[in-house]
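Handing you a structure now.
Chain nomenclature is as follows: A, B, C and D, assigned in order of appearance, with residue numbering initiated at 1 for each chain independently.
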Amino acid sequence: MSGFNKVVANYDEALDGLTNDMTLIVGGFGLCGIPEGLIAKIKDLGVHGLTCVSNNAGVDGFGLGLLLEDKQIRKMIASYVGENALFEQQLLSGELEVELTPQGTLAEKMRAGGAGIPAFFTPAGYGTPIAEGKEAREFNGKMHILEESITGEFALVKAWKADTMGNLVYRKTAMNFNPMAATAGKITIAEVEEIVEAGELDPNHIHTPGIYVNRVIKGTFEKRIEQLTLKK
Amino acid sequence: MALTREQLAQRVAQELRDGFYVNLGIGIPTLVANYVPKGMDVMLQSENGLLGMGEFPTEETVDPDLINAGKQTVTTVTGASYFSSADSFAMIRGGNVDLTVLGAFEVDQSGNIASWMIPGKLIKGMGGAMDLVASAQNIVVTMTHANKKGESKLLKECTLPLTGAGCIKKIVSDLAYIEIHDGKFHLVERAPGVSVEEIISKTAGELVVPDNVPEMRF
Amino acid sequence: MSGFNKVVANYDEALDGLTNDMTLIVGGFGLCGIPEGLIAKIKDLGVHGLTCVSNNAGVDGFGLGLLLEDKQIRKMIASYVGENALFEQQLLSGELEVELTPQGTLAEKMRAGGAGIPAFFTPAGYGTPIAEGKEAREFNGKMHILEESITGEFALVKAWKADTMGNLVYRKTAMNFNPMAATAGKITIAEVEEIVEAGELDPNHIHTPGIYVNRVIKGTFEKRIEQLTLKK
Amino acid sequence: MALTREQLAQRVAQELRDGFYVNLGIGIPTLVANYVPKGMDVMLQSENGLLGMGEFPTEETVDPDLINAGKQTVTTVTGASYFSSADSFAMIRGGNVDLTVLGAFEVDQSGNIASWMIPGKLIKGMGGAMDLVASAQNIVVTMTHANKKGESKLLKECTLPLTGAGCIKKIVSDLAYIEIHDGKFHLVERAPGVSVEEIISKTAGELVVPDNVPEMRF
């Protein structure tokens, strides 16, 4: 299956073609299920002017927080940010632009972007600052606003397992935004914990079919925990 | 006496019913899980992509791939399922969550809620709150009746940027259980030992007070 | 878990509350993955004036075709119909109304209905009779039409396995429209091949979470094949 | 000589590339799967919810839960996956299918296609055709150049209700391979032994004919 072998040998190959000013759709919720190695490599590559679409922006020194250190991110589209000091600094100094988007709307914008749906109506945000400048319309007696979908030049996702053909399986809540991100990138790169042979994943339980995935790389993951909370 | 955080959670827990799917926000709402009445089963939904959230893990069972919407490590209960954030909010917007509990800075008598942004302060974002309040049929807001300066948080009209418009019908504050309809607050119950006068004095919006205002029972 | 036990004892209980003139969302593609027993029971119940939303309308004597025999269906919303003679007769005589909908739009209308998205733009059908009376708008240089979502009083789905809490797993292409149908019904009934205890299905691979499912019934299935095609 | 059904499929198969995800319509398009060039791998998408469709089953392997969009029993290849019809059309509308092959009643020089409805005849529906033609970047229409009465099916303007507007760029007919751009048909190849004159006479729309029109090679 030469034409369908998506496995790449290293991070350079994985991120080949990434240049300044591109839009990246990045999976993960907080620090859970983020493509750690791909993000670290983008720091090394030094590309800048990036627009990052991701629910959160990492923390100081980890996740997307890494890309703030050298001011590689020009704009964040996210639902919840500011878990780190650098983010706040750059936001206040105007070096970083933020477009806050309700979490469900953000998830749906990625899903719609991947699904060829350019816009949809949602009730979320009607009557709030989020609705400013957006078309509002009543359906079934309730007000909704029109939201446009999001796509990017690259999507960076983290999966548990991939087969060589790019079929992906996520694990527990590390799934989060990854399945939609995988569909919304022109080039989708999956960083995974394990690569198996094609045919080893149950066809009935593949979360992201390989058609969406262009490159697969085996990563090593720290899996840092943001809020370790134990039973008392 | 104003309710404690635990009592607030206990009073909110009285809104639970057997078989309810419930989304609990961060803070006091999270505590509601500790007061599910005996003989009753509820399933907790966490909007990052989990239905059937359990208690916090031990050091042995902690799993970085298993967190809740507050980014805390959690466990699951029998019958749990994982899904994407898009599927999670489809579930929420589709009206499948039976009860949603969240905090607020302000609520007004039109059912507007402000809970995510204080102009001039650093804005961290709304997370899933706007989707939750715009979608849920049955929302309970739990908060202190007044802020630390003694200013009412139950207003004629919210002063802060809204999280959602006309979506709040029930408030459990530390002083009272209040319902909102017909563009007014309606006093239904008072916290044990709290006078109707105190509630009136700390409610800036229009408050309808019936002749008899029973105390909350725990 | 008394409050979450969705298993019902018989078809009467499964279809309790179904009355004339209701809208039913029905899973299945052709005769594959259809809730055979629920449909047969609706024939027995004799309710009529039904609007059925389903990709197809069965064949003579099987699937939704059964409900045509006593003229129980007033309107079909489908993408492909007319595989049976009764259907044609009733359509030509005006006893049956049909609203033809592109297959992807139909799937998305159900998904949107279940997801609280009242309307969305799609390119499918622009410039065709399907677009008549619908708003058209350009996004990204391409024309799209606005389609509204669909929900129903009842959804009838067929799954492979259910646990007692209503979590569902589908099998192979018998999945088809069932997952969306399951979300689009006010009351969703799953007819399944096997009921297992809660906890037996892998939480990572549940196709339809139990929150969408109100009633589960164990069915027996003929699984009739519409186009048996064997290797020559 | 006009191409046979098998030759049509063979010519269309020349549009395949290694690693292509392909959706084949019912009829002649289905036959394309038999002519994938040696050393090339393609994955077939079936819009009911299957990526990685294989050949027809034997009596031993037939499974009523495994059918294609034409409702025929099929098998799967290594690396296949199943998904819902909504996810399937998300895949299609999202532009992820590299090549889509389908039949038509009529195509016109603006790239419009009519393939689902003949007024006055019983209308069975469009199935997934409208989604496919509106979404795919790379569509090949394969059909006879003229109908049984000898009337051209390559028109100035479609007479039948459309399946899609301005979406067709390539036609493999039994007489020729034709591209559509700038509002005109462009003759690129002719079927072996078919004269340019015959193609011109059977093309009702505006046809641009270059000096040299090579024969198709098989």
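Keep in mind that, in the parts below, a residue touches a chain if its C-beta (ideal position, glycine included) is under 8 Å from a C-beta of that chain, and two chains touch if they have at least 3 such contacts.
Predicted model, so just to flag it, every value in this text is computed and none were measured.
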- Query: Shared touching chains for subunit A and subunit B?
  - Reply: C
- Note on the structure: If you tally C-beta contacts across C-D and across B-C, the winner is C-D
- Query: What's the chain with its C-alpha centre farthest out from subunit D?
  - Reply: B
- Intercentroid distance (Cα basis), subunit D paired with subunit C, Å: 29
- Message: Report the inter-centroid distance (CA atoms only) between subunit A and subunit D in whole Å.
- Response: 35
- Task: Quick one: report the Å distance separating subunit A from subunit C, using the average Cα coordinate of each chain.
- Result: 32
- Task: Could you tell me which residues belong to subunit B and also touch two or more other chains?
- Result: 82-83, 89-90, 92-93, 135
- At least two other chains touched by the same residue of subunit A: list those residues. 108, 111, 115-117, 122-123, 170-172, 203-204
- Message: Run through the chains and report each pair that touches.
- Response: A-B, A-C, A-D, B-C, C-D
- Note on the structure: The answer for subunit A against subunit B in the complex is residues 29-33, 55, 78-83, 88, 91-92, 100, 102-105, 107-108, 110-111, 122-130, 143, 160, 170-180, 207, 223-232
- Residues of subunit A that touch subunit C when the two form their complex: 108, 112, 115-123, 137, 139-140, 142, 144, 148, 169-172, 202-205
- Item | subunit A residues touching subunit D - in the complex, by the definition given at the top | 1-4, 111, 113-117, 163-165, 167, 183, 198-199, 203-204, 206, 209-212
- Task: Going by the contact rule at the top, pick out the subunit B residues touching subunit C in the complex.
- Result: 17-21, 40-43, 45, 51-52, 76, 78-83, 89-97, 135
- Message: If we count contacts the way the header does, which residues on subunit D are in touch with subunit C in the complex?
- Response: 46-50, 55-59, 62-68, 70-74, 82-86, 88-90, 92-93, 112, 117, 122-131, 134-135, 161-166
